[in-house]
């Protein structure tokens, strides 16, 4: 077997892939989020507080995802009326509010964070969850719901005219994304063993957003590639030492200019 | 009396926010772009001002001028390198956001490499004299900041209301297509907007440097996010909204700290943001120059 | 990726490219492992790569390898650079271990991030096969890294993390050289209240609500210390790491008219706060709790306002103790900067680690050597460190020392007897 260091990199990479999926699902319905860090925090804290009370890990993870999904739906219900850049701003605000909420929750450790979380996340758990979510997303594209989501993305008015329930479809997509972020948070908490609100702030949300925009949001493979590039590129660039993040930033700008649709070009599911 | 003092504290803080937010709003108004690197332009402004003071031994006004000119140039470069190519290729709504995040990271990293990660400060004489007004107190630097901010806000108002380019800017904010039909060179207007907005951001950077004697490559990060909140409170793309929104945010922050706890400070601004989005997405000021969709 | 620097010890510039290959190999191996035959082949390749990485890091004879985790980039880079200066200085004179060969340091940059601290701790233990680890720097990082080292049965010693309880939660392998804030705070408050001409009955407590150490200090440790000294806390006012505007907090405190002011914060925020306190005309005596506020940068930031501020600290740059004078002189000659608190903590920790290697006969990087180093730290009692003096480690794994009380006079910290 490979050693525990490479294992830890693989675990963090897997968690990033989940975060990418969590942006991808709502984005395929045209709902772009810059606040997924907030849902990740909800999943992380919920599951960590539950396993501390000896709730089985799988159950705690599911509970974290469920709470994140619930809050996702509650947030999205009024917010899906607004579109495009306005929704991005609303989700950004939501992410910040969640972070601030946890800073003020003393039973969850407040700003000092929550430590002593039990080490329950294994590589196989992460890989399993990634594959499960990935397969679900892949399969979804050929299901009625997936096609409805795509139709909403393409043209809301036309989709509604075809009898697609607009609000319901959007809520499922957004709530699903929140649930995946919650899962990622639960896995992260039980691997890092220490969480604090700062770890789930704007930079976490922006990172997840970059995974999808860089990788491409046409199919679930794009976000995976995006997560791989954003996670591993700064590591590969270490030989540049102090200038590696600057170089990475230049690459970001370059990608935005020359690959605005993402590294993996969109391929409509009908051709599969 | 304490309340009054806190109100003064809030207005002082808010006036610097307003300057940053005006730039944010100008760019959003014309381009519908969340310019996440604007906070970093603000940071660069502070460093230019510091450089001018330390190496050229200039006074505060010249330092402001240096920062304004330097940042205007930087803004134009950013527009040409990071945003114009995307527009040329008809990029998506998201590509410019990636690009602005990239520019922000780049400026932050370059500044860290050049100046180090630690806070630096203006020489102590820039802190100014204490002035007492009854039980209240302000420093001469604070008055200078307040004065500069309001003069600049007035200048912005006059510029967009009465000059040819200002009116072209407002027309472009209303609709770039219509503006083009009216014979306005929208590309020129965009370059001008970037220059103008960045200059204001740079000046705000120096003023914050004077006020709090804390300059670091990371000082723009929270400003970028706060700028979004302010813009929304005041009305997306509305420069008057940005002015009032900035002042409101400053006062709300100070009052939260003064009467509640600092950990809730940002909660109010973002709660306000979300409420505004849901209840009144056009913001407090939805005049002719406000964004409509 | 592997750089042998001028002092002849190995510096890895963090997760080098090899490691990345390993991740890809890991992913491939995972995918292939469904088909067992290919999976085994892949694993062999991976082990071969892993071995070549170790071979590059390990010379022919058994030197003693110690891992170092510190932030040399990101927001906490300043602390890491102070530590780096001490490492360079120390290794120039003390890398020779006699019969055990040479002391080799494997240094990684954590960027101050807990997640990085976890990965790099694993990397040090599994890939680099270090005998012990020095670091990480921040309490949040230590909180993440300690359980990893503890489970892998490798000694880990943070020079600096000061939040109470984090070494105690990771017995028996985790230690800290620094003493915890609960001990220094109590002594500081006793000393402070005793020294004032006007009795201190009511204070306002300022604390950083975001920084892990300062917030635990401000919420629990300091209130307990004040209560023990019969001092009433009128109000506990928080701010957040990175804040620069303290006007609202100070205006609020001023209205309460306290007899004294207590601050627990990192040096930057403490500097700005003290500056604002004096600016708004509050002249009350100030005691600054968290040891990190005792950095000379505190004086640089607060300027004249820092005069008279009392604090507790382990390192006094202006001390006349010969070993300290020598250290400050050598450090400045080597780095062209003056050493800070972090430099002193790292230098002492390195000295004690070398002491443990030499005195217990550690010869390589085996399990037995790890146990020897662990026992040496666990039983440390009155061992002389060059800067801090006699060091004892208590049953929680925390350093115990009599702190110095320092007060700012004419822009310098001087000992307050």
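When the chains are written out, they are named A, B and C in that same order, and each has its own residue count from 1.
Note that a residue touches a chain if its C-beta (ideal position, glycine included) is under 8 Å from a C-beta of that chain, and two chains touch if they have at least 3 such contacts.
Just so it is clear, the model here is predicted, and its values are computed rather than measured.
Shared contacts of subunit A and subunit B, meaning chains that touch the two of them, come down to C. Of all chains, the one whose CA centroid is most distant from that of subunit C is B. Here the spacing of subunit A and subunit C, counted between their Cα centres, is 33 Å. Between subunit B and subunit C, the centres computed from C-alpha atoms are 37 Å apart. In subunit A, the residues that touch at least two other chains are 103, 110-111, 242. Residues of subunit C in contact with two or more other chains: 73, 209-210. Those residues of subunit B in touch with two or more other chains are numbered 261, 263. Residue ranges of subunit B in contact with subunit A, taken from their complex: 32, 34, 81-82, 85-86, 89, 91-99, 101-103, 105-106, 109-110, 113, 225, 228-229, 232, 236, 261, 263-264, 266-267, 270-271, 273-274, 277-278, 281, 293.
Remark: subunit C residues 73-78, 209-210, 237-240, 242-245, 247-249, 251-252, 254-255, 268, 272, 275, 279-281, 297, 301, 303-304 touch subunit B in the complex. Considering their complex, residues 32, 78-79, 82-86, 88-90, 92-94, 96-97, 100-101, 103-104, 110-111, 202, 206, 209-210, 213-214, 242-243, 245-246, 248-253, 255-257, 260-261 of subunit A touch subunit B.
Listing the residues of subunit A that touch subunit C in their complex gives 1-10, 12-13, 103, 110-113, 115-116, 119, 127, 191-194, 196, 198-199, 232, 235-236, 238-239, 241-242. Residue ranges of subunit C in contact with subunit A, taken from their complex: 1, 13-17, 19-20, 22-23, 25-27, 29-30, 43, 46, 50, 73, 114-115, 118-120, 122-123, 125-127, 140, 143-144, 147, 151-152, 163, 166, 169, 209-212, 215-216, 219.
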